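Below are two complexes that have chain A in common, paired first with chain B and then with chain C.
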Partner chain A sequence: MANRTSAAQRPNGSTQGKICQFKLVLLGESAVGKSSLVLRFVKGQFHEYQESTIGAAFLTQTVCLDDTTVKFEIWDTAGQERYHSLAPMYYRGAQAAIVVYDITNQDTFGRAKTWVKELQRQASPNIVIALAGNKQDLANKRMVEYEEAQAHADENGLLFMETSAKTAMNVNDIFLAIAKKLPKNEQTTGPGGSGQGRRLVEGDSGAKTAGNCCK
Partner chain B sequence: MTASLLKNPELQFGATTFFAKEHKGETCGSNGLPLTPNSIIIYGKAQKLKMLKHPNLCTYLDIIRGKHERTVIVSQYCGEPLSSYLGKERFSYDDIKKIAYKIFLALHYMHMKKIVHRSLSTENILVQENNNIKLFNYGLFYMTDNGKLVSFPIVQLSYAAPEVYLDGPNGSLSNPKVDVWSAGIILAELVLNKPLWQSLKVGQRIRKVLSLVQGNTSIFERIAREHNCYDIYLSVPSDLKQIIEVCLTIMPCDRPTVQIILKNEVFAQFKTAKESNRRKIYEPFEQFTIEELYHWWQLAGGDVLLELKKQGLIRSSPPILSLPQMVLIDGLILGQERNPATLYDSRIIQMPLEALYQRFEHISLNCYYPLIHVKSEILSNGNDSSYDAEQLPLVIREKDPEYQFHRVILLRRLLHGYPHTRDLIITESIKDIPPLLRGKIWAALLNVRGDYQEEYIKIDKETPTPTDRQIEVDIPRCHQYNELLSSSEGHRKLKRVLKAWIYKNSQYVYWQGLDSLTAPFLFLNFNDEAKAFACLSKFIPKYLHNFFLRDNSAVIHEYLAKFSQLIAFQDPVLANHLENINFIPELFAIPWFLTMFSHVFPLHKIFHLWDRLLLGDSSFPLHVGLSILTQLRDTLLASGFNECILLFSDLPEVDMEQCVNFSLETYSTTPKSITARTQQSEKCVYVTTMGIPAQDLNKEKFPRISVDDVVNLIRNDSERIIIIDIRNPTQYARSSAKGSINIPCSSITFGEVNIENVGMHSSLLKNNKDKIVVIIGTEETNLDLFPTFLIHCNIPKVCVLHGGFNSLLPVTPTILITQNQI
Partner chain C sequence: MATSMYSKVDEYGFERPESFDYNLYGNFLSQYIGVLAKRAKRWGDLKHGDRYKKTTTLKRFVRKGIPSSEREAVWMAISGAETMQRRSNLQYNSLKKYMENKTITEMIKIDIPRTFPENIYFTNDNILPQQLFNILATFAHHNNEVGYCQGLNYIAGLLLLVTKSEESSFWLLKALIEEILPKYYIRSMSGLLIDLEVLDEFVKKNEPAIHRHIKGVGMPWAVASTKWFICLYAEVLPTETVLRIWDCIFYEGSKVIFRVALTLIKIHRQQILEAKDLGEMVDCFRKMGQNFNVVNCHQFMIEVFKTPSSFPNRYLEKVREKHSSILSDK
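Take a look at the complex of A and B:
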């Protein structure tokens, strides 16, 4: 249940370096800017009228870190509390999570703390969690103090940055920081096939799909 | 001959244009979102004006946004401005009274709708050939939020009431009594037969109006004397004089309202004429409306912006000319000439209708009034109105003026007869739905009836609730590429409709996505929120029964399970591939079904999709889902999990007409029970789970089919099915369904996925393409091994008889036989 490392793929003929694949999930209250952060990171764009997310969306992006290529498989989840019951399906088996709040809204910070707790209890024990205070460009309307969030991050061993999907501030940085912190020396490697789907469904209690064929 | 129907002098329209104020400096609002352009706000507000229908008002037809905050208003425009009559032959006092009466009628209607004219003048009162009068351009003040959204003042110099000037140059005084004053001035002009203060310059005119405030003699008298018309003043009948005088009351609080003025004795004579009654008699013979004419005109190539350019109202100048010469460090701009285009341009351009007249010239008269309930052969033969376009693609039909002419005329007539004509509306909608009438037709298809407006008014849409935050953050993300939905008015309306729905349906809650679902209805009924709400209220129980429960997991799981089963039924190859890569519908299809695709497609595609959806039942969306997968089938089959899921995160272009046609095909060939759900609102005999827990049914890879459907197929369509009885040979010999074959389950080794394992019947199954393979077993034994095996062998159309063999026993007349008989 971990990242897959392989030297087999060689983009652009480069033979060096290993490729690591990580599953990362974004969590946080609705409209804090999760989809916007992903869009900025993956496509370098910002849409003022970013559509709300229903269920979840999936995107991938690759970053280079020294001699390692890190491929993120990103699950961007729906923020509305009601979709909560779907969340475990996405964060189970994730090696990294970004919990996002909106610095102009105190409630979203409260919600972020709850997410952190839930991840610490229910997600993989080694999960790397980053806290992102988004919409830093609106700092003049700030309702959550930087220090307050930093303190919370320190207490819980989280990475922390204030970001802005709009101006791109700290967006790549936070993903890079996560990439650095993730273990890249291999323990287990799922042989063959994309591990992705399998992990997802395993997490999903097996009840829904494992069904009839094995009876 | 026919063209004369089109060449109605009242059915003419024209356009005016102006610029909305640009936002200076700040581009973001307090929520960090960009400020809504003022032209969009105007666009949203002006929609309401299209709803105003009054014989003394020109009908608003369209609002178009041009470049750089330009707004173009298209409106009925017919007759000559009253100003052009002044100074010529004097109107008789009776005529003046009649004109006064009509102006007041129009103003009264507007004021009732909370719309203040504020720029009434003889320029924008049009006199028709039949001496009727119509006000034109009366909504400018309203649509610009009392003038706040434009940089020019909305005021007619000589006609503005003193309090308008006292309010200051940026004032937005919106007391309806300002219109009463203007009417008074106009009547004075008519009586004196000359425009007032014509020789004066702007500043002097304003001073003139303000000077009237001083002194306490009759203002009308002072005006008459000033214009050397005291003799005329003396000759004016006292009742008319009195009206003019009360209109020109200085203090707005003492000036009567239009409503009170209309009660005046002078107008009593006109009221008996009962215009309204006469109109009622005419209505059934209405051939078409000006809105329809405008629609056809556009389809026939009419282009308002182009006409304005031709006439020089829209001129583009190189941007460099608008640069300032100097900008000081503190932001002060010097040497920038005011762009003359930002001033108000009062010119009106009449739109040329010749091209349309010619295009429609050959259309015979009876096409304007097609017979709907034709029984007589002779009549229907004589009525060769058919315009052959039905074979053309939908998008072309929608743009064909002549085809739309026939469709609009026919469907409008049918809508007049709704609800009695509902069946005919359905029949016609199967062909296509004319875009101009889509909102009304959808409401008819959804069976919206009764006093939906009354019901909507009663609902509390204002009290704050905890859901508001979610609604508020979702609305600015919902179909915002659309001008209507991104306007402030659009936001307000969407919020109200959503709140109303939640209030009315306390058993349900707001799930993100409900906003997208509501958007198409609001867009189509922008001026009738109540109808948008009524449509939504009918739509959800029909297609999304229980989807908005606080805990909707049971519904969603069943829905997605049915979806998987449908894929396996229709396309086992794809189903097996998706299963192998663990690409389950939970990961991509929730937004599809929860919003009936309104979250994943832009509005114009949703329209074509829902045009069809509304004619189907709640299983239709499953077929749409299948159809989308089918369009992407090759890519999906060639891809692994990541590629597949990426494909859906950013859905590629889907050909909607093809998608709809394919959905229709599978929809009509799939027995109803295959997609039946326990959680649907429609009644379905099959729906009893027969004691099998719903979760277990959901886990099955294959769908179940009901006894009724099987019996039906055996009796009427035995060519379409293969019945496989998997019970043991003894049971089979004793009694079995007609035409069934026996493949005892126990005789097969399921170890390897190879259809040959089935034995002698394998080729029958292998070559099967279209036949439905019904498996009959008993619920007690292991029912799912064999059908699952068949699906893994890529055999299409595999399903299981729900309830097993025993459910065939009570069928009469029996379809069972004993093998010994043969």
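Take a look at the complex of A and C:
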């Protein structure tokens, strides 16, 4: 069973270096595997039938990158079209987004492109966007070609990986890739606080409770 | 010690949470069973012929809990579903034949195995999932304004577990969506957006310190409360508590949702105020259903009707109207 890799462990209190906190939102059509990706990343688990997310869920997970601890505040949103009106409150101020589609369903790829467009127009200008082609374990039922998605990602400056929440393939990797791309130097940002992660000092309440939703 | 006395699965097929306190539950149940037995006897006298009529006595009785054997009949009567069914020139079985929109049926099909995947009645046979599909697909084709909204699967699923009747569940779902609840489920979800604002206003008025703290850590109401409105606390609170809430929603309408919300917040005042950041706050709201004061549905419902003591529909409508016009101006 592929569980969490060493790269995705929580800080153990002896962590040196800086701690950065970033808001990350997951978007994408219903049933593409947004909650499953989060469940795999945060708890190392997978449920064949994941309950549909009503509204949104909030979880946290930390990854260590060299001397930096990156704490993700993850907003997992409902995928059904009509819940769209609630989405801006989750991606507002987000420094990162994972837009998910299902490689066995062409419509979900179309919807992913729409999400990317919306983020580019409405979200923070420096947002790091990753495109995830999930359900890679069902590659024999593939309807979206890898090259097609890669080309779209290249054109739009997105990170891109095919993932499988079921086998854990590329799940930690995509979060790590995002963590690497996020700016970790503290800078003052304009109103709204978009752009940079808040830097937390060791012993800060926020740092101590990292991963408190992971029980 | 006595943990093995009670099944890990409740009467309706739901697994109890790991943290469930069987000793406390045993104490509560030994009292509650007495209450239920006493009430069941008195319920017998309330029927007019084979029907229940809405009277102040019935309202008082409903607030104290409908015996599970009578739930289907009473819900059908007090929700207006029975009248709707009687007056309608539509038959459920003929409505069921029209399911030609594949986009809708596919969407629902995906959600069926995702509805209560841990409930033994849904996982152990094929009948219930098929019935759930029929109810949702029939309704979605019947009501174009709503179609299928995620969340309705949980409501229809629980209706089915309680009534064990596909047809009654359909009419109860229709009564809820078309008569009892605001426009939560339509494509714009306008009713939900309005009620989230209404909730914000009520909390601000009733619990200003809590309101300030929740705003301070930056938790939007939509995160904690979307499910409260959309699923009517199904999937949020323990089943018996949810059913006691539904008893009252069917009789008194959607204001009960706010009474419950304010009671949950009041009961968890300390925990909310102690939540230091967004993660802790979301966690605190997520775990409210595990609190024994919520599991003890009888005591909980007594609190619900004290919070606040008086809650006229007219007042709720006024606040809703205000937020409706604010939102449409935006």
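As a convention for this text, the second predicted complex is superposed on the first by the 174 of 215 C-alpha atoms of A that agree within 3 Å, B and C clash if a C-alpha of one lies under 4 Å from a C-alpha of the other, contacts with A are read in each partner's own complex, and residues count from 1 in each chain.
Quick note on the criterion: contacts are C-beta pairs under 8 Å (C-beta built on N, C-alpha and C of every residue); 3 or more make two chains touch, one makes a residue touch a chain.
This is a predicted model, so every value here is computed, not measured.
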Between chain B and chain C, more residues of chain A are touched by B
Which partner does A:40 reach: the first (chain B), the second (chain C), both, or neither? neither
Of the two partner chains, chain B (first) and chain C (second), which one does A:135 touch, if any: first, second, both, or neither?
first
Partner chain in contact with A:111 - chain B first, chain C second, else both or neither = neither
Does the superposition put A:73 against chain B (first), chain C (second), both, or neither?
both
| request: Based on the superposed arrangement, let me know which partner A:184 touches: chain B (first), chain C (second), both, or neither? | output: neither
Output check: A:166 vs chain B and chain C. Expected answer is one of first, second, both, neither. What do you get?
first
Shared chain A footprint, chain B vs chain C, residue numbers 30-31, 49-52, 54-56, 58-60, 73, 78, 80, 82-83, 85-86, 89, 209, 212-213
In their shared complex, chain A is touched by residues of chain B numbered 30, 32-34, 470, 473-474, 476-478, 480-481, 486, 509, 511-513, 515, 550, 553, 557, 579, 581-584, 586-588, 590-591, 594-595, 599, 640-642, 645-646, 648-649, 695, 698-701, 782, 784-785, 788, 792
In the complex, the residues of chain A that touch chain C are 30-31, 47, 49-52, 54-56, 58-60, 73, 78, 80-83, 85-86, 89, 205-206, 209, 212-213
The answer for chain C against chain A in the complex is residues 107, 110-111, 113-117, 149-151, 153-154, 186-189, 193, 220, 222-223, 225-227, 230-231, 235, 276-280, 282-283
In the complex, the residues of chain A that touch chain B are 30-31, 48-60, 73, 78-80, 82-83, 85-86, 89, 104, 135, 137-138, 141, 166, 193-194, 196-198, 200-201, 204, 207-209, 211-213, 215
